[in-house]
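Each of the two complexes below includes chain A, the first together with chain B, the second together with chain C.
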Partner chain A sequence: MSDAKFFAKGKAAELRLELTSDKKDKNYTRRKTALKRIVANMTMNNNEMIQLFPDVLDCIKLDSLEIKKMCFLYLINYCRLKPDLANKALPVLLDDLRDRSPLIRALSLRTVSCIPLPAFNEALVDPLSRLLRDPDPYVRKTAAFGVAKLWASDASMVEKSGLIEGVNQLLVDSNPTVVSAGLAALTDITDKSEGMKLAIGYQDASKLVQILGDCNEWSQTYILSALMAYTPQDPAEALLMAERLSPRLQHSNASVVLGTIRVILYLTHYISDDSAIQGLVKRFGPPLVTLLSKPHEIQYVALRNCFLILQQYPQILQNDIKVFFCKYNDPIYIKVTKLEIIFLLASEDNIKEILRELREYASEIDVQFVRKAVRAIGKLAIKIDTAARDCIDTLLDLVATRVSYIVQEATVVIKNIFRKYPNKYESIISVLCKNLDSLDEPEAKAAMVWIIGQYADRIENSDELLDEFLFTFKEETIEVQLALLTATVKLFIQRPAKGQELVLQVLKWSTEETDNPDLRDRGYMYWRLLSSSSGNADITRQVVMSEKPAISVESDKLDVRTIEELSLNIGSLSAIYLKPVSQIFKGTKARHLEQSPALRRSDSNFESPGFYQNYTAANYFSTTGGDLLSD
Partner chain B sequence: MSILAVYITDINGQQLFEYPVSDSPPTNKILQVALRDASPEDVILRLSSDELLFHRKQDALDFLIPCTAAMPALVPLEFISHLIKVLHDYFQPPLSRQKIEKNYSTIMMLLNEMIEDGYPFVTEENALRDLVPFAGGLSKFLPTLPKGAANSLKSLTSSSSSSKSFSSDSSLPRSNVPWRRSNVKHNNNELYVDIQETLSVIIPALSPTQQLLNSINSGPNPAPSASAFYTPAVPQVLAEPIVAIAHGSVLATTKLSGVPDIQLILSFGNRLLEGPAFHPCVRLARWRERPGTLSFIPPDGKCCLLQYTISGVESGPIGGDLKTGLGPMKDEFEVRVWSRVPRNVKFVENLRVEVVFDGERVQNVKGTRASSGEFNIEKKGVGVWRFPGKTPMGWNASLRGTMVVNEDLEAGPDGTVAQEFPKYIRISYDCQGMLVSGAKVESLRIVSGKGLDDRAKPYKGVKYLTQGKDIVIRG
Partner chain C sequence: MASAIFFLDLKGKPLLSRNYRGDVPMSAVDKFPILLLDAEEESSVVPPCFSHEGINYLYIRHSNLYLLALTKRNSNAAEILLFLHKVVQVLTEYFKELEEESIRDNFVIIYELLDELMDFGYPQTTETKILKEYITQQSHQLEVQPRPPIAVTNAVSWRSEGIRYRKNEVFLDVIESVNLLVSSTGAVLRSEILGSIKLKCYLSGMPELRLGLNDRVMFENSGRSSRGKSIEMEDVKFHQCVRLSRFENDRTISFIPPDGEFELMSYRLNTQVKPLIWVDCAVQMHAGSRIEFAINARAQFKRRSTANNVEITIPVPDDADTPKFRTSVGTVHYAPEKAAIVWKIKHFGGGKEFTMRAELGLPSVKETDPDRKKRPISVKFEIPYFTTSGIQVRYLKIIEPKLQYPSLPWVRYITQSGDDYTVRLP
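Right after this comes the complex of A and B.
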């Protein structure tokens, strides 16, 4: 240990020598090299280089931009640890704010505004108001960001200083980059501020859209974010704005594309002409498809957002479903999202093609994905009535593979199909009964037990089958035990002679030999029901075999308000979690639609054709290993 | 919304570079813990209730960017892409541990320009070259640099040695071409165009009827199917691709002095270009007036003018299929690949066929016989059949073998363990000289070249490249 320490000290000492030596140093080459090594060794966890603070400060005055840059990086890195020493650098930095070179003015301005020390903050106020009007645009844009940074350190000082007014002036600057920097600074401040709010009028918004094309991609994303602060007062105005924005959909930067989609979706809330809205959203399709050629991480975010957009407007990619077909070598997170989109876009027209494709996924190697594919087939049977038969045939085809996890998934979804379509497909029960041995997962067991109990009168040997499951009753999970209890009672009600013995046994176990309160309660309930109504079997039947509420994928819909808020957050993490950002992260302002004469009411939106299919599920939420497509 | 820091680590998570942006960003140590606990599908990690981590691997390095939560998700991801591009531009791909360590301070200064107030700001290589000198460990890489880069290097380093020489420079371009460096000068004016398409195809398994037809028709030397490329002696049925998509990029490498204004006219036959995405330098209005026309003032060096997608293209110069249940024991599989007779190419390169099977169930592949090329199991569940160098057109090869099923597997309900076969094959290759979509350059014209010698004929031509990347054939 001591060795290492000595060595480290030696290193700092050696570098100091390099910096302070009187030897000739043409073009400061030696000092540059030393500073480079210092910068490379300067990490947050390595405070050894801090010993060199005074020596580095001495170099700041040297007439070399490169040296200045490195000294400034050093200063920013260590200023909080040595505030007294850092303060000594302030006069040089303030001097540099008046340098002839715009690069140096901007550089020192950026440095001073990055240093969160009171002396630096206070010293910056006066020069900042001058630099906001600097002749060089690079300095003006740096000044705009400087105000935002200064505000973050000391809001009240900045608000009193009139600097925010100064930034406001930049919005009419002749240089587009400066305009966007000013806008970015204001957005940054108003996002964090309690009292201030950004509001952009039509004239300003119109000008922003005009300069978009002259800005670099990041400035475009700023401006697109800021345009959400524009509230159209007139439908025609909103439509015009959306039309003028739509060329941005063809940008090569994916965040510009999604930012544009977000603003256009936002504007549609203020557009009255439905066919115009359809025309606008149709343009989203091709750019979204192009994003699928990007790196996987970008593809994933794009797909999640695509999923969210398609909730509202499935028609925009209804005919392009093939682009979402999975390749075996797609990462699982991409496959799963593609599967959700395929499910979302499934309709009577393309169901045959989709089933063929899902059947293919069900024979993949990745077990997790296979399971989701099987579930998706089952859910499609529930989503599209006319396709139920085809879906069931596909499922039976899969059950015939006798692969344990496929049989189990299929069993679970078939149970749901029985619930959705009572008395229609029960002929397939016999196929399931042949595969009871494959069931070893609680969910699948419970599903099968439910089927046996529900159809005890139609399954010839239902008592034997149940008896077999009951053999391991005590080892089962509570989920399976509850299912077994109910199924046995159902058997008894439908076939008293065959069920009598079993029901007594199960009731005894459930009431006397369990520690689980749920099981015990349910056991007692059945016990009392059966003994009190012994004279009237109909009542018992009505209670136990009562009609269940119909299930449908429709019941999984996100409500309109949530969809509305989510669509205002396109491009953010909302699409990944399917929750408004304000609910996921603290300190984030919720977005909502500002009132205006042009605003469409949400319920009228609900009736518009765009909203006719809002399938989603709470269980879509968990994309990370959660039980997607489950019930 | 802001970026909190930028870390670069090696693939083991060991920190090579750090650039803190905020006062106290999460340390790499914390990020590594979060990454270790994450599942592979966590593309974006939640570090806390208001912090996120975006990350991406590239060239055996891992780029980590912790951000505040309100960050639009694509901004940091696109930023990583740009950062990698810039580092490639400065230090040549592939990046390595050594390159990062050697150029630590340069990368630091680059990031200082690239991020402003926690948000990406300048990421154009051209703009950055004006701001951050191309020095440091550069001399070591100099020999591999293109001529133009070395020239621009000279002019930059000389100007950075003294503040006087740049005092007159305006650092933000006043003109409306922010992507182009000011005062570009080249001794040899050159302009190249490259169009590259990556082809993704999914071909389904043959239906039973199609298989039957094939078994009737196939002779001892099976020949590929009829297509635009080839008229075979023995007609054979092949499955139609479910998906055949070409993702294309039009790249320009310009080393032209002054401010050249260029018009490049492309033709895509009758095909529909889906979702074209343009470099900011391309004038969209011209494209809309006449689709296929790229009118632009290019940035100096390399840039991607246009990206596009075309679906429903042909399945490319290389075909393949997978048959299972062959041989006396019905336990053999056969993979075949063939090259079609070309319109205008003589060979493909780096042909590679991945044979994918269930690595849990299959222990080994025995009795492999390849008519040419070399087949090896390269990792669990993947065998690779390689054809190094060039593969001629109008050629074919086949590979036979039997999968040895893992003995530990439980027998199925009928008491036997099912024979395993490959699930997919995946073909990849490079094919110079053709584009699968049929796209081509119709003309290129330098409309005006302020500062460019009138006699200069800089346009050196166009190169086409089709990369078969994911040609997946399902078994």
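Right after this comes the complex of A and C.
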């Protein structure tokens, strides 16, 4: 039976007739059909349906759950456009909040609480505090989220109403699902609230870990995120907690696994025993690898988080690098992330294996992935000194394919290799010079020009090569122009006879015939340098050919503080974007390590302002009867 | 935590949506197809979540649908993406198939389900069997729905009480998928076994089950000398019904199962295994005229086992034509749409070895770009009654304290190729 037939554009007048007609309507079949058509039209964004507001409201009272649900849906969709009319539905909804059936109580509670109209908000406060103590756990669970909804709509009213205190009481509920709903609601509120924060003591945290196994997978994720509000006061306490949590790593739900990793990583900051920490983080390896056989999107989340965790603890998967080798049919976003992890884990021990693998990637179809693979090979030469020769051989092998984008990418990285290892591996210059024709990207051109300038005295025909590039000087991007200018000056310094003519030409172009201030400034700088020190070429040489600061690939790494903050957000968006919360989520509280006697701060200097946030308002939760929340 | 959930067609047109938090404008969805297109144009790397003007888009694709979640906060991405997959699973279990047409065909119940699956952007109950008890396609009257199933808020959230079967049976399937990557020089680069134990449970009441495997760690813990082979699992993942702390303590797998079909556990082994089906390939390229392949396939498992439905797919150049094949066993056909030749062997006995030769013509005009699309050879197969790891079910104890019925467990083993059993071409 298909309902697709209802998706015909309906006229409001005609549907109204169906809803209001006095004709006999056994089991409300006619009205059900009409409502289905209305909901279908609403789904299609047919705004004419708003006109039916009063007629639909009349149906709410009918004794049919199906009709009720459709009316509620209609109400949620259109209430903001017709607040006055919506208010008329309020008595019926409030009546339902006292219904005998817990299903109906919860249903109408969900509905009222997601209608953010003042009248609805106000009317809900009293029933809500009653429903928080409802005999049925299903209703209590729904009420917890109801308070969070109401708070989002009118925070100050909720804070005055004592409802938050009511949710607080749920945390000692006998039903684990209700406890977790209460925690989810409070986490939701305190994440946004200026004055309130969640704080959980050891006893309560311990209870939470105990009930984890008794609630469903999603409830477990809520408890796991709430546990971040527990600040261990004693290293042994933190260790015990981490060990009790670790069985959760075996859960089949990936967000439970990642949530567990997050809490354990957080707890390690409060554990003093280093070997215990090593033992804990070692257990992350196998579950993380298993996540790589989940659906692609989950794999991606896992990989990004792996990348983050491995920055801190590379040893977890150092010996399992093969699991990150790309599958032929992986989506590109996965391949690229795997490539980053392979680079991160590369060491002297596994470099040969890695190079063979990257060489394979460089012959794949996707241009962007190929480029990244080539770039990674070049960066490995810089990262691992002893592997430089092997990396360069692999690069030359790739240059020999004469595929334009590979040659260009290789040229760019080879320039960096020269920067890192000056005056070594010069034999490769001749190979590069054979492929000048295939360079058409600015970055590659600039790199090649830099190499020619730097080694002008060792390249037989460096002047001819430069001359060829200079032919199109005026059409080049500023990046290439600057490189050409510097390279020509270098040529002149190293081989004055051959460079003289060219340097004059380039200086003239750069100073007199350009609109670009950077180029002009640099042109004049060289001009003056060359003319003032004409007698003393050594000084010019010292300035132009000076030794450059060494480059390393360490600059690609995230800084320790960012890693620390991100590791408190494992599984979340910011951990996937690899950006601190403050950069992308305005007005969101950054997670940070709460001060405690147990907190490790060996890698200190963290006490910069802003890192520790002070909560100014003192609107903390009070502790009554062994609450989970305390200040 | 998601602010809103959308179903969209592949063009990015919204089909149905639910706004859970009201803190993100629903019109933000209109940007989704544009952003996706822009991102694809700019780079081939389009991840499943991205951010635009403060709104985060997280999506998955299923048949001809996108499922999209929007959020403004630093939400738990793992939770949201996993939830979207669960929605697909639940709706598939409800409607058999989930695609564009099924959204319209079932819109009323989808709205109802969305209301129950998630509250204020937080995933709630996603157990289809439990949902089906109170969200049904038949219209119902108020009085027959006294309350939600206890399971919704119970510690055992996956099974309802009062299930009855005349004959109490459990079917256990141990399925191992082997992934393998062989380099062009014939070295095994990666091999892993992904195991899965699936149960079909037709048991009355609230039965307590205990599963015994030849798990080395458990043997060692209990000080038992293992008769026969035991295996060491790299990582194990359990269905939420399994008591994890119990497993942590003494490696006992104990649980109250959901009713019907479900995956009890999955495991992974990294141990280097001898490739079950080994493929050698020699290629001779006569540029401008023809290309020749000599394929050699060898079954490297015990003689008493047989691999069924073996399928070896060998990539060939896009512009190849006039294929000629010669083989002693099975059939070969040319699949130009995949630019590959496929060699099928119905039954491949253990220890056997077969060869196939293929010759394809190539156009005389030489391509300017050398053929750089290096695709690997892929192999598919199934070997019944056999597990690569040697895992064995030692016992499955079933106890229902109140009913105390006799019950029968049945076990089946099968090994198959995983989604990545490939040999790189030389």
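Criterion: the second predicted complex is superposed on the first by the 568 of 631 C-alpha atoms of A that agree within 3 Å, B and C clash if a C-alpha of one lies under 4 Å from a C-alpha of the other, contacts with A are read in each partner's own complex, and residues count from 1 in each chain.
In this section, a residue touches a chain if its C-beta (ideal position, glycine included) is under 8 Å from a C-beta of that chain, and two chains touch if they have at least 3 such contacts.
Values in this document were obtained by computation on a predicted structure and should not be read as measured data.
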Put chain B and chain C onto chain A via the superposition and say whether they clash or fit.
clash
Which partner chains sit in contact with A:I298 here, chain B, chain C, both or neither? Use first/second/both/neither.
both
Regarding the shared-chain residue A:K327, is it in contact with chain B (first), chain C (second), both, or neither?
both
Would you sort A:D437 into first (chain B), second (chain C), both or neither based on which partner it touches?
first
So in the superposed three-chain picture, is A:A487 touching just chain B, just chain C, both, or none of them (first/second/both/neither)?
neither
Just to be sure I read the superposition right, which of the two partners does A:G571 touch: chain B = first, chain C = second, or both, or neither?
both
Looking at the overlay, what does A:I392 touch: chain B (first), chain C (second), both, or neither?
neither
In the superposed arrangement, does A:V449 touch chain B (first), chain C (second), both or neither?
neither
For A:D191, using the defined touch cut-off, is the partner it touches chain B, chain C, both, or neither? Pick first, second, both or neither.
both
Scan A:S246 for contacts with chain B and chain C and give back first, second, both or neither.
second
Which chain A residues lie in the overlap of the chain B contact set and the chain C contact set?
27, 36, 39-40, 43, 63-66, 69-70, 73, 100-104, 106, 110, 116, 136-138, 141-142, 145, 148-149, 175, 177-178, 184, 188, 191, 213-218, 221-222, 225, 247, 250-255, 258-259, 286-287, 289-290, 293, 295-298, 300-302, 320, 322-323, 325, 327-329, 332-333, 336, 356-357, 360, 363-365, 571-573, 575-576, 581, 584-586, 588
So, in the complex, the side of chain A touching chain C is made of residues 2-4, 6-7, 27, 32, 36, 39-40, 43, 63-66, 69-70, 73, 76, 100-104, 106-107, 110, 114, 116, 136-138, 141-142, 145, 148-149, 152, 175-178, 184, 188, 191, 213-218, 221-222, 225, 246-248, 250-255, 258-259, 286-287, 289-290, 293, 295-298, 300-302, 305, 320, 322-323, 325, 327-329, 332-333, 336, 356-357, 360, 363-369, 401, 403, 569, 571-577, 581, 584-586, 588
Flag every residue of chain A that touches chain B in the complex, lowest number first.
27, 35-36, 39-40, 43-45, 63-66, 69-70, 73, 77, 80, 99-104, 106, 110, 116, 136-138, 141-142, 145, 148-149, 175, 177-178, 181, 184-185, 188, 191, 213-218, 221-222, 225, 247, 249-255, 257-259, 285-290, 292-293, 295-298, 300-302, 320, 322-323, 325, 327-329, 331-333, 336, 356-357, 360, 363-365, 402, 437-438, 571-573, 575-576, 581, 584-588, 623-625
Please give the residue numbers of chain B that touch chain A in the complex, ascending.
1, 15, 18, 20, 23, 27, 39-44, 49-50, 52, 54-56, 69-75, 77-78, 80-81, 101, 104-105, 108-109, 112, 116-117, 119-124, 127, 131, 133, 135-136, 160-163, 166-167, 169-172, 174, 176, 178-179, 198, 200, 202, 204-205, 242-243, 245, 247, 274-280, 284, 304, 307-309, 311, 356-360, 381, 412-413, 423-424, 426, 470, 472, 474
Mind listing the chain C positions that touch chain A in their complex?
1, 15-16, 19-23, 43-49, 51, 54, 56, 60, 71-79, 81-85, 101, 104-108, 111-112, 115, 119-120, 122-127, 134, 139-142, 145-148, 152-155, 157-158, 179, 181, 183, 189-190, 192, 194, 234-240, 243-245, 247-248, 263, 265-266, 268, 270, 369-370, 372-376, 378, 419-420, 422, 424
